[in-house]
């Protein structure tokens, strides 16, 4: 068998672990050949690829990033790819394509699959928001990085009687905020899934100060929003192009809390440190298993599917199911966490 | 409600997170009272306990160990505890007891429960070998520590053309060896679940050297055993009391490989660093959820049960089921990992 | 002897290690008594203090923050403290005061010392900008945190062909940027000590892209400034109060580079994660030595001095010398680092 | 100029950082050529080398090990190297040789230098025992790894009322034990520089238990020795070849303490995890500076010297001085640490 592999979308710890695992399983388990397309679907369309042997993937397991590069592809070119899907497979002589990517990539993969490309997808997102799988690799690393940051910020907040607002990733789903907030013991957690009342956060902080705990840490997802009319003090700043720039909910919320509480509140925007670097052991194991199962699925001819974690098992689920809707934080998980506002 | 909590058995990262979570949920969610028994069941029998309020559990979430202490109890005294189970509950005025512990503790908990104590167990083991739950807290931390060690050892092995044998915990189940071996990219993994042939490891190392990869790392569970007659070079050493002391499979296997291969082989015994210290974010979240659900179960009157992770949900399972048999690494997981010998 | 200790100024990993060391040395080495003033000089003026025995400092060595709290004091109240310096010493019956703090605190300490308080200072700053000492504790931790962030960002920059701009602490001295930039292998480093030409950074990035290295990481101190007229594309945003808010050199430089290069450039502002949390081993050792030597100096009657690292030795230097001028990065260190712009 | 570089002796975090720095400075700063000899002096004698350009050292800064490999050379072949020193330089056309290594390597380097090879040495040892330099790279990483282990072990010791004995590296000098013991807050530290009385350790532990601190951690250098006749309970075990195998001071001391105290004592032998893996920021900076200065020294024609840290500066010192005697822990540092036995 000849297998193509590519990585698309944003960076995510564990991408290299999947690539390595695909190569290992395909070569030593089945005697296959593997080629890697460069910079995602671009490489597939433009014919940029290289053969991947054991040496090519030696030592990459603990490394962040992707040795194949990644790039976002414009919609038009994706359509182009979909239309020539069957020819592309023939052109490269590949019996299976394993795209590793997030929601956008999996949607594209489904288009390619529908158009005749034998596709086995591997889901990837630090946000953990892909349906059909209990967890995705990269998420555990992002939560770990955010938790370590909260751990560090807490000591400062406590020593200085301050409120710290930590903004973590998560535009549409608040999994990172939920789990790093729980792991770090944040006193307030704000998610995209539920509009928060600033007033409630103010009360929480005041209640803490009143019983002698003179600090608080709030963990807010970048996609969290205050309830309409609830955040009226702080105003965003306007840049030269007339729109708010480098202003996010973290900065705004810290401003608002400081104005309302009359106490120091400091924002910390974690940003891209959450999506790069060496993956946790958890993410390496999950990524390695996904790569292994993707190759097995290809050999069983299970196309149009993607790997998924279900309990302790890795199973295959239809791509259609995976991209049908975003996996957001359900009410019962917020209830459990207690400090979700 | 008045709830008693205790920790028993070996150390495990996340114990404090459970205690904190029990106290938080019970006090702020239900207006309960919580008391903590000291040094496991000993405290229950000897009347050593203290009230736990929010201040008592402040700041303990990221800390290893257990603020309540832990101790193993002799079998006789456990029977004593079981016999006076109902009286003990009455004596302390507790409506629920939440023991946090491993297989032994859960067995004892079941005895107490059968004898009339309203028990909700919380499973704990770095070995991940308790049935009925997908994972236990502490395991992820142990795997992370072992993986970081393998990462470090690999660079030395490579630079010095050496074989490194890393012995990790796992007397009866090889989960830590399996997952840290996979995450660290160990070239050989030996588990208690399958007797290994030293000859196969020798061949693997020689094959690696022959294709220019002049080093290898073997990850071996402390409970792994060579097949009968397979390890005949290295002999154990006899101490003053006539038995082998401080000799484990790691030391023995390194000896054997060095003698057979004629190449340097070095053992590293990770030992207790795997079971202490600050828990990973994953373990903190799982431990926190277990504590929360244990309190909820107590309020629903679901006794004789323990908390368990099933997919993404925390559910309750009967203690009887959990202790019926050890959860060992199944064949299919070994097959997936590829480097299990 | 009766010794008072206090911590003032911003948070800094190692404060607790100094406090612990002072208490250990004073109590077990000399049979002294130690009291800790709360929230810096405020506690000294307002009479908020508590006795510190071995139990009070148990377990605090690896913890960030300060068990004594810290607060900035207004200038007026500091003058008040200085004026009543001798009386304060008498009032509390202290034979020595050990203030642990940065440049401001040491200046205040000198005033108190001149006015009759027997003071032994301990310098503290994550910025490493205090003269008279080779290094200060807290700096190593800050550099480590910043280096780990750069390590993580590099993999993302590389996979996505991006420029990453990391803003680290250092308003007046660029030590953190210099050392984390070197340790992380940043391709450009900008310091407060030298105005940079954006044009030079643009050339460096273009040169890298032209030889196939399609990414770059720039590490910039928060106090770095572009040469006059060198950064003219990106404009700061104006908030509701008419001044630039939450806009720093990191955001601005990323904007400017993106506009000039026509390539994605992303800012990451590390902020407060650099100044809290568990200290590195290096900082714990230095902090512990400083505490030990401060007590010894007090017993030798060497007041008006502060502890300092000189080579491998801890010595005492006059407070006057330490606060005379800021220790900035000298030209020869920039020359060595090569990538300073 | 044409510069040769090689790494010899045991693994040490920072070796790759030196190699990278030599190549960067030589190529971009001076337009030199650099070749790397493989497996230490072996490569020099056997003609195994490769050119090193910027690509060859790309991405190696944070990696442990050495891309050039390392091997110990037999005394005879070293003599051979020394005898043909001048010819070797001519043969490879090198104007300078930069060997990076420990005490043995530097002694060999001195022999080569005396025999006509233009040598600039770079000292390397995780043990920090080379004279003439305040610190060596690799040491900070080793101390960090040991400190993290002690942090983890402490929580277990405390929860289980146990004595933990941690054996760290240091055959002839106790720097790692001293600094990790201080940083980890070990209650007892044993060094090669001073024979310890087991009885004193026993008293210390008993005193702790008597005042309610029911655990203790002892940090012992592998080269530490008990005073004659002081450790008479535990006996070493004899292996099949008639000598003690895999028994070190850590195991023996734990045995002895358990027998004397009647309390659980557990040994942990950290071993090779201390000498591999990614270097700390401190070690990366020091290693990078050493590489830079070695190239500068070569260009100034300062041969027979090695780089050294003196205060905050990197200077050159004669190789002769550096290898004259081992740098051991002086009495005053033991006095400062307080817990050295």
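All chains are identified by letter, namely A, B, C and D, in their written order; residue positions are counted from 1 within each chain.
The definition used in the following text is that contacts are C-beta pairs under 8 Å (C-beta built on N, C-alpha and C of every residue); 3 or more make two chains touch, one makes a residue touch a chain.
Computed from a predicted model, the values in this text were never measured in an experiment.
J.: Identify the chains adjacent to both subunit C and subunit D in the sense defined at the top.
T.: Touches both subunit C and subunit D: nothing.
J.: Hey, how far apart are subunit B and subunit C in touch steps, shortest way?
T.: Graph distance in the chain contact network comes out at 2.
J.: By mean C-alpha coordinates, which chain is most distant from subunit A?
T.: Greatest centre separation from subunit A goes to chain D.
J.: If you average the CA atoms of subunit B and of subunit D, how many Å lie between those two points?
T.: 33
J.: Please report how many Å separate the Cα centroid of subunit A from that of subunit B, as a whole number.
T.: That gives a centre separation of 29 Å.
J.: Distance between subunit A and subunit D based on Cα centroids, please, to the nearest Å.
T.: The answer is 40 Å.
J.: Could you pull out the residues of subunit B that touch at least 2 other chains?
T.: Answer for subunit B, listing residues that touch two or more other chains: 151.
J.: All pairs of touching chains?
T.: A-B, A-C, B-D, C-D
J.: Spell out the part of subunit D that touches subunit C in their complex, as residue ranges.
T.: Residues 24-25, 28-29, 58, 61-62, 134-135, 140, 143-144, 146-147, 151, 179-180, 182-185, 213, 280-282, 284-285, 288-289, 292-293, 310-312, 314, 336, 338 of subunit D touch subunit C in their complex.
J.: So in the complex, which bits of subunit C are touching subunit A?
T.: 7, 10-11, 15, 63-66, 69-71, 145, 148-149, 151-161, 164, 234-240, 244-247, 251, 255, 266-269, 271-273, 275-278
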